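Next, two complexes with chain A in common: one pairs it with chain B, the other with chain C.
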Partner chain A sequence: MILNLIAPLGTTEGLGIWIAAFLTLCIFSFLYKDNPFYKFAEHLFVGVSSGYYISIYYWNTLKPNMIDELVKGFKALGQGNTQKAFGLDESGAVMAEPHLRMLIPLMLGIFILLIFISRKNAWLSRISFAWYIGVASGIAIPTAMSTRVLLQAQGSIRDFCSYNSDCATSAGLDPQVATTALWINAFLLLIGTLSALAYFFFSLPSKGALKVMNKVGIYFLMISFGASFGYTVMARISLLIGRLQFLFYEWLGITIS
Partner chain B sequence: MNNRGPLLIAFVCGMLMMAESFLDYSWLNSFAEWVQKYYIIIAAFAIVLGVASLFKLHLAKLKRKEDGWRYSLVVFFGFFAMIITGFFMNDDGLVGTKHPWNAWLYNNVQLPLGATMFSLLAFFIASAAYRAFRARSLEATLLLVAACLVMLGQVPILTGGIFDNLPEIKQWILDIPNMASKRAIMIGVGLGMMSTALKIIFGIEKTYLGGSEE
Partner chain C sequence: MNIWDKLSSIDRRWIFLAMAIFVSWPVLKPLGLPVTTTKEVESLYSFIEEIEDKKPIILALDYGPSTAPELTPMAKAVMRHAVSKGIPVVGVSLAPDAPGVANDIWKWAEEELGAIPGEDIAYLGYKAGTTNVILQMGQGISKAFPKDYYGNNTDDLEIMEGFESLKDASLVLGLEATAIMDLWIQYAGDQMGVPVAGGMTAVSAPEAYVFYQSGQIVGLMGGMKGGAEYELLVGAPGNAVQGMDAQSLGHIVIIVFIIFGNLGFFLGKKGQDVSRLKSLRGDQK
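And then the complex of A and B:
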């Protein structure tokens, strides 16, 4: 083990490493108990993150999609070209660039902020929320139907079809040569999905065949929860290893040879 | 305010966006295209609303000199440091998150803080595991065994000798029983999403409008 010099404080990079190491230790101090160092780091994280995301949204969303369009629109309006200002070509057809049509989302956005600006006019925010939630709901229905219901149901039974060349060809799937192990896996996948679904089916009392299905469903769900838990633990451990590597290698300069 | 106006807006927008997925009319497609552009902009304003709410909370703490009011100053310090470097500094055309000082703050303050905060969960998740992983029943045993196999399958040091097949076993658990349950949960979530969305569109669910129900 070789202990090199600790990261030099005199350079911008070195100063950054020292600050990052100090903040890392501040957060780890919570393992002892809640303390002022942890609170300092926690509040700094909240402030820095909110500032960062405001910046990201401004530069990546608001500026290119709204502000730049409005500037172009007002320029066209200043030149007396009203049609172009509102994103219409000479024939009156709608152009891809919306220009001043972006005043609509600006207005809806300002309505949202009225909650804090003017209590008297705060009711206008309901228009923006209704618009936003309505659009989100309209998008969610076909998307959820396709990706979360139909595709998942299809995935549960597709293997049975893929193993039969006639069925696979007519369904447009690649025919696959099935081994006993693949058949068992396909069967387990189908049974697992059906029984786990049955566990959440509350319209009938849990008796007879449904009770058996529920029981099998619980077993599948427990395996899934265990697997997810194990996976999450390992993801957190790898983050922890990353932070310890930073402290030992980058900050303290320890190298193992 | 009467809720009828906003409910009508939600109904019209929801129906048009839903119809756009099934019908092929050029006006409907361009409507959906604009709406999606507007949608991301309104979402950005909602972020501003969230930050405004954070400010309100911390300004009130400062005003009343509540316990820990000094930490509110730290929130403002962090926020304005990011805003000043992200909005008001220009280094040869490099602005925003590309500005070297903004990137420096991100790499040396936000990134280590976020990573350490999440890595801290490793300790708490371990203590939760200690309580959850007791083989008192068949269900609890399955949970324990699946978690252990997935964790061991992730560790390269154990792959050798008797543990040779661990990564394959881990992958099988993830691909078959885990996937089967996840599919069932996803189907349930999908059906729940659709029913909630329909309730919003038809004005049955209106809590998002806030205030008292009319």
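And then the complex of A and C:
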């Protein structure tokens, strides 16, 4: 381990490193107890984040998609070119640039804001929400059903097919040589899926076979919660490691030999 | 107050101190604990290894600085692998706080790997709209991203020759801190038929394993461990491998304190009170 000079404060990069190190230590100070340094860093973070997101959404979304298009549209309208103003070419076909067609989403956006501005006209927001929910559902539901339900259900018995060369070939899967461990794994997956599903089946009293399945389901759920907890711990420690690597390597200039 | 009661009421600051010591120690003096690779990461490595037609990889950097310690090592390791094999890498972001992190990675790739911007690598920047952006990329990359992050026309970039739409990509690798991974799988993978792989923060990784098991993704890196595995596979240990010693000691500290807490509860006054209460309830029944 070699300790070099601390990041030079005179350069832009060095100044950035010093500020980042100071703010990191301010946040860490909360671990002892709440204090003005932590409060300062916290408020700064909230302010900078808000400013950053507003700026990003303005320059990446609002300006190019709305403001610029409306400016172009009104300019074309001023020149008497109505077709171009509404994003249509000379033959009347729809162009990629919407220009004044953006007035429709602008209007829908204003309708949503009416909730906060005018109680009397707030009902207009329903038109926007109806359109938004309708489009979003139309796009999401069929694919979500396939990705999250059908292919997942298929996946829970996929291994049984993979271990049979005829079945694997006809289903377009890579045939696998089934070892005892793989068979056990495939059965565990199937039992786990069915029993966890059974645990959330409330239409019958939990008696007999269903009670047994519920019990097994609880154990599978507990194991999955344990795995999630382990991963969450790993995630949090990773962030701590990331900050420590920054403080030790970049700020203090320590190099590991 | 006996020793068990003391154990169950340790001041949380002692736990923080223990964690700070045991995580700092291996960061300063690596212990060299072994890191083994898993089949989820190996299959991603093999998939990239077997790409022969040099069709670009879409690297979706959908994360910001808060999860960079977990996901940046993955991005760097995969870029190192792709560039060394001559596979172009095109980066996109569907998370608004991603461009700063992505820009750092792209600069690193230029300096460290000698990748030529516009030829070997390109970063198209951030675009709002998640699902819509993915669907638009399916119709044409330059429709969704007319210019790259640095202001160049996307169609003018050499890397874009023959790369018209998302369907022309050899792989979409989503480095994700949010649920955007689901959208890549749904639209790019299941709908357009493009192979998809994931690099997830550890918090999100357990939910993604089901997609690997069902064959909907070709590989998966979970948390810092996933990044460390890929670094080892490409033979260039970096920050993730360095962090794994600290990770192991950190977990040991957590396990020890969980044991302390449980011993303190069950053998201390609180646990005895609970069991007395339970027996009283039993008597009443």
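Quick note on the criterion: the second predicted complex is superposed on the first by the 223 of 257 C-alpha atoms of A that agree within 3 Å, B and C clash if a C-alpha of one lies under 4 Å from a C-alpha of the other, contacts with A are read in each partner's own complex, and residues count from 1 in each chain.
FYI, contacts are C-beta pairs under 8 Å (C-beta built on N, C-alpha and C of every residue); 3 or more make two chains touch, one makes a residue touch a chain.
These figures come from a predicted structure and were not determined experimentally.
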item	value
Superposed model, chain A: greater residue contact from chain B or chain C	B
Touched partner set for A:158, first chain B, second chain C, both or neither	second
Partner chain in contact with A:109 - chain B first, chain C second, else both or neither	first
Partner chain in contact with A:183 - chain B first, chain C second, else both or neither	neither
Chain B versus chain C as contact partner of A:248, first or second or both or neither	second
Which superposed partner A:147 touches (first chain B, second chain C, both, neither)	both
First, second, both or neither for A:139, with chain B first and chain C second	both
Contacts of A:32 with chain B and chain C, given as first, second, both or neither	second
Intersection of chain A interface sets (partners chain B, chain C)	31, 52-53, 56-57, 61, 136, 139-140, 144, 147-148, 152, 155-156, 189, 224, 227-228, 230-234, 237, 239-240, 242-243
Residues on chain A engaged by chain C in the complex (per definition of touch)	1, 31-32, 52-53, 56-57, 60-61, 96, 136, 139-140, 143-144, 146-148, 151-152, 154-156, 158, 173, 189, 224, 227-228, 230-235, 237-245, 248, 254, 256
Of chain A, residues touching chain B in the complex	12, 15-17, 19-21, 23-24, 27-28, 30-31, 39-59, 61-62, 65-66, 94, 98, 101-102, 104-106, 108-110, 112-113, 115-116, 123, 126-142, 144-145, 147-149, 152-153, 155-156, 185, 188-197, 199-200, 217-234, 236-237, 239-240, 242-243, 246
Contacting residues of chain B [partner chain A, same complex]	1, 3, 5-7, 9-18, 20-22, 30, 34-35, 37-54, 56, 68, 71-72, 74-83, 86-87, 95-97, 102, 104-123, 125-126, 129, 132, 138-140, 142-151, 154-155, 172-191, 193-194, 196-198, 200-201, 208-210
Residue ranges of chain C in contact with chain A within the complex	13, 16, 19, 23-24, 27-30, 66-70, 96-97, 125-129, 131, 135, 143, 182, 185-187, 189-191, 201-203, 205-206, 210, 213-216, 222-225, 239, 242-243, 246-247, 250-251, 254
